[in-house]
Amino acid sequence: MAAARSFLGVPVYKPRVAFFELSSCEGCQLQLLNNEDTLPDFLSLVEVVNFREAMTGGTDDYEIAFVEGSVTRGDEIERLREVRGKAKTLVALGSCACFGGVNQLKNRFDPDWVKKEVYGDRQVESERAKPLEDIVTVDLRILGCPINKKEVEGIMVNLAIGKEIKTPKYPVCMECKANGNTCLFDLGEPCLGPITRAGCNSCCPNGRAGCWGCRGPAEDGNLAQMTVIMERYGFSKETIIDRLECFGGFSDYASQLRTIKLKNSS
Amino acid sequence: MKINCDVNVHHLTRVEGHGNIRITIRDGKLIEASWEVVETPRFFEAILVGKKWDNAPWICGRICGICSIGHTLASIRAIEQAFGIVPSRQTQRLRLLLKHMETLQSHILHLYFLAAPDFLNEGSVFPLIGSHPDVVLRAMRLKKLANDLCDLIGGRRLHPTTTVVGGFTMLPDKKILAGFKERLSAAVDDLMETARLFKTFQIPDFSRETEFVSLKGVDAYPFIGGDLMSSDGVLKNESQYRQMTNEYTVPQSTSKWSRLSRGSFAVGALARLNNNFGLLHPMARDIASDFGLGPVSHNPFMNNIAQLVEAFHVAGESISLIDELIDTCWEAPRQPVAPREGRGVGAVEVPRGTLYHCYDFDETGHIIKCDCVIPTGQNHANIQHDLSALSARYASEGMKDRDLELLAEMLVRSYDPCISCSVH
Amino acid sequence: MIFRIIKKEELEKLFELLASGSRVIGPVETGHDRNSDPIYEFSEVSNFSEIRLDHTMTKLPAKKYFLPYKEDLAAFHMKGRDWDKSVDYHCDSPSVFFGLHACDINAFNRLDKVLLGSSYPMPYYAAKRKNMFIVGVDCVPGPYCFCRSMGADTALQGFDLFVTDLGKTYFIEILSDTAFNFLKRIKTSEPVEADHVRYMDIVSKKNMKFEAHVDTTDLTKILDMEFQSDIWKYWGDKCLACGTCANVCPTCYCYSVEETVSLDLQSAKKTRQLYSCNIIDFAEVSGGHNFRPERQTRLKYRYYHKHRGFVEAYEDSLCVGCGRCGEACLADITVPKVISSVRGGAV
Amino acid sequence: METRLAYTPISGERSHRKTDLAAFESSYKAEITSIHRLTDHENLYRIQIVDQPERERFDFMPGQFLMLELPGIGEAPFSISSSPSRKGDVELCIRKAGSLTNFMAKLERGTYVGIRGPFGAGFPMEKMYGQNVLLIAGGLGLAALRSPISYVQENRNRFNSVDIIYGAKVPSQLLFTYQYDMWRADDIRLSIIVEKAEASWTGKTGLITKALEDIFAISREEFFQDTYAIVCGPPVMFKFVCNMLRQRDVPMQKMFVSLERRMHCGMGKCCRCNVGSTYTCLSGPVFDYWTVMNLKEAI
């Protein structure tokens, strides 16, 4: 079956893929197994050669490496470099890999204090949490905390047939409106939808929960105006920063905001 | 006869997170058997310091990708305890149903994807798609049912979105909810098939006297909140969880370890079942007796079966929960939250055992101190002790390296460890 | 036009008659906003009591029922180098729209001009549009409404019947023979002089209630003259480029097309997605060149298309003054404010 | 008396009349009958409508475009690059630029594609009878010019003097090199210019405007009043060229350019190609320069 496949006469590429994880909750990988309906079709598109969370006996001969998690320790840097060296395509899987994810929240503290707070006097090794891009070249980013399985499936299809991969440039609001949701600002809830890159099908607003920006900034997102709006709707500077800094996608802007005084900041 | 043996498993597969097994046997004598946890710490407890209460469930859910719902609920419970919020019955029922579906999906994932390949002599579930398609499809069906219901109640199967302090941001559509009843009933048949499959597996016969810790059920098999108990007779209040867990650090692990009356104790499906057997759904009890599983079983490999039994329990109980929810006249989805100074503890039985979140708040509801104790963390010491005992028992029998390795791996896997979560 | 008077309870009977054979879509209350005001949306209803005839502006127009945000234009079944294409217009039964305000009815009328009246009429729209039975209902203008300025405060066509609340009775305008035939099955009476007077009175009272206005005199020329105005930058700086204004607009119809392949590679589909000219890549072409890279030029384009280009082509503005975009815009960019600033050269 | 609402079905039969509802998503199935590599980036595809009567009926004007669809991959506008006398057996010169075009480059002969169209307004060739014609192309612009060139070739005696001025960045990017001699043989003056010479290049180097100046130098003043110009290429290029022509008194209404915008429907519905409030797909892509100058944001 595998060899004969083609699309419009163009042979379908069945890549040998491997999955790796650095500092993360491994949820993004799990999300792949969570595609129960389509898992067999999904697996027929790729040859999984390394997936520690689900299989024993992997090999190091792969073309595409999906790396989940952020880099927080020296041995992870080494592992990442090694994977980069072997993979033709390196995919950053999820917000931790793309932006540092929730892990990077510790970067706002003195690293020694962080270690002491959790481990007391026991020595542990840990560095600033970094996205993969800080260490190696990343070929493709799959955003989200966790990743959206539909989106990943689309990406896998495109990889297989050799079609370019595109993520929406517009913000979550586009999907939110299309889903017929009531705007959370109308309900008195903060939401980063207007500046966050779409692709999650406005997952959180669909459940009447505001967006926390896990997919990072939309192209041309108007961050300054977003801050003005959050203020106008009565949200404190702290709330704005909490959301902006949560997944690391807006961390520069968030730290910039920390130094600016907003009108109703507490 | 071979009496020297070296097992060295670097980054054990088919478990969540990173752990190593090392066993050295010389002349039939066990020199070393160790379970090392090498996961990188993510410092969640520090991350939360200074954050306002509403960040905690959202961030803490990210401790674990498998039991994110359990973490979110434990976090919410800790905050509600601290602020003196008592969730409405509607909220409690919805949370329990959500929790049950996480338990179901996690147990199925473990039974079929992580444990079964060992018994079917495969490296993973992937080749089973070709060789045992019916088995895989059944697993998918069960997992999908659980996940779909998580989507409906929690907004998303992984890292739920609707679960908040005080209740939910949105309530499920009753019509859709009702539709799940049928699927759950059908799932019971699939679970029966699962039981039949596991009946064919040879569960290793190995026991070691163990102390089992879990929540103590009163009128129901316990999942969210309540008193804590051990099979050695310790009984504590939820807020005294630290006297139950007694965490300490060890050099061989970035996860902290725990102990209670003995050198170690176990949490998880087997512990819950040992401690609360009488409260199981009748259907689940039948299955347990079918497998000869009753309180108190000291065979760690039976944790797999305990998970299977619990799968029956949650499926059965969920059907009644749905009935009750459909008959409820929806009230407001969430209560208002008024932060106050104080400490709150949330204990939740997640698939792998008792999970605790504990926060100290200042009067504005900002976190001063945070502590999360993860089930796998509590199990590490017990895994170590089991591993030593198992290796010692087979040391003199002259087992092949590969056989001992497999058995040791199976032992660790039977705990269904969630390592990255234990390190967090 | 034919007029009738019906007792209030007769309307429910009419509803039942209409609902017995068709799907009914009407305004319902879905909850309350942060100021405890009710939120209205169009939704499928099965019971007359769900419908809120006194609704103020719904957050979203009934657009999803006639111009779905996402719609498959074609499906393909792949056969090696060959394929079969199938097209479905996604409408297999008529729908009743019960309780549309005049602005929303006029939105149909104006959309019809481009989607039905011009060359290459759009069958996906036509299929739904030609299978609508529309019951209009009178309204009280809210703070964002400026339909009167856009000549859309009364509907003269594009509905089957229109209901105005006279207090104790309803005044009914009948436009289609289908409506006429349905009305034969409930109790109606001929309006008397007093009814007409009361009707006119209600209309003129409504006219005085508008708080928002747009001066459209010579607007097309003024927009041309102010094409280079700095005022656009002011609004462009505020704009989030979020597309919400277009998505809540009953007349915005711009779209994007995406083709996707199924996971088993056996089929493919072509999907139309409503887009917004305020989105960054609206005018981007391959190779990355963007004809409208700045927010201000995109926002300006939206105003040009609605208030100038469309007027030129179809003698009507593509804005009916429903006020939704201004209400929904988090950046508080409203049509009356933008137009008056363009006219005045300052905010 | 009717008891329920009547359903009005919308017929989905195939039609290609502009006013017919069925015209909207109705495409011709066409086969790629040959692929000819022109440069590293451009291929010439010969695409033949499968159904013979449909093929005969497919009628277009030089300058019109069609929408080419690869199921599951995408759909995009392309100028028809062949002679209108060839009807539904068209040639498209396609540059690899994005998802559809890159995929296109992987296809083999015998693959089926969908085409819709022809769309847009073409060049008013008949108005140019008896006049001088200047055909000026930069880069890929020659793809759109090739159709009017064929038209002129086939009706050579109807036109007065004919010039083609064609510029590219480097010689290896020149398109349709194999046709130059044939054009010359048809009494068409051809001047080719490249910005940067490569080894073995013996022709002119410089910008298109330089080649145009050379033409100016050898032409009499009166020449320009009786001249039509068709200019295809990137906006910067046609802006300069048209300005030069204006200085020589070529009336703006006699200069034609082709505008390229994003397009999804080709039928004035998706709004993506609007320039100001004009639909490029309906009123264009070919515009006279006077109109272009009066369109907001055209260049």
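Points to keep in mind about this one:
For clarity, chains are labelled A, B, C and D in written order, and residue numbers in each chain start from 1.
Methods note: a residue touches a chain if its C-beta (ideal position, glycine included) is under 8 Å from a C-beta of that chain, and two chains touch if they have at least 3 such contacts.
For clarity, every value in this text was computed on a predicted model and none was experimentally measured.
The most distant chain from subunit D is B, comparing centres defined as mean Cα coordinates.
Between A-B and A-C, more C-beta contact pairs join the chains of A-B.
Centroids built from CA atoms put subunit D at 65 Å from subunit B. Subunit A and subunit B have Cα centroids separated by 26 Å.
Computed centre separation for the pair subunit A/subunit C is 37 angstrom, with centres defined by C-alpha atoms. Our note on geometry: subunit A versus subunit D, Cα centroid distance of 43 Å, whole angstroms.
The residues of subunit A that reach two or more other chains are 7-9, 161, 163, listed in rising order. For subunit B, no residue reaches two or more other chains under the stated contact definition.
Each of residues 78, 81, 83, 260-261 in subunit C touches at least two other chains.
The list of touching chain pairs reads A-B, A-C, A-D, C-D. Interface residues of subunit A facing subunit B in the complex, by the touch rule stated above, are 21-31, 33-34, 36-37, 39-40, 43, 48, 51-58, 72-73, 76, 101-103, 105-106, 109, 113-115, 117-120, 122, 124, 126, 129, 145-146, 203-204, 206-209, 212, 238-239, 242, 246.
Within the complex formed with subunit A, the subunit B residues making contact are 11, 13-17, 40-47, 49, 51-52, 54-55, 58-59, 62-66, 68, 109, 113-114, 117, 123-126, 129, 136, 140-141, 143-144, 147, 155-159, 161-162, 164, 169-170, 249, 254, 420-421. Contact residues of subunit A toward subunit C in the complex are 5-9, 12, 38, 41-42, 44-45, 153-154, 156-158, 160-161, 163, 169-171, 173-174, 177-180, 182-183, 185-188, 193-195, 218-222, 225-226, 229, 232. Here subunit A touches subunit D in the complex through residues 7-10, 161-164, 166, going by the rule given at the top. Subunit D makes touch with subunit C in their complex at residues 1-10, 12, 18-27, 29, 69-76, 97-98, 101, 108, 110-112, 114, 260-262, 264-265, 267-272, 274, 276-278, 282, 296-297.
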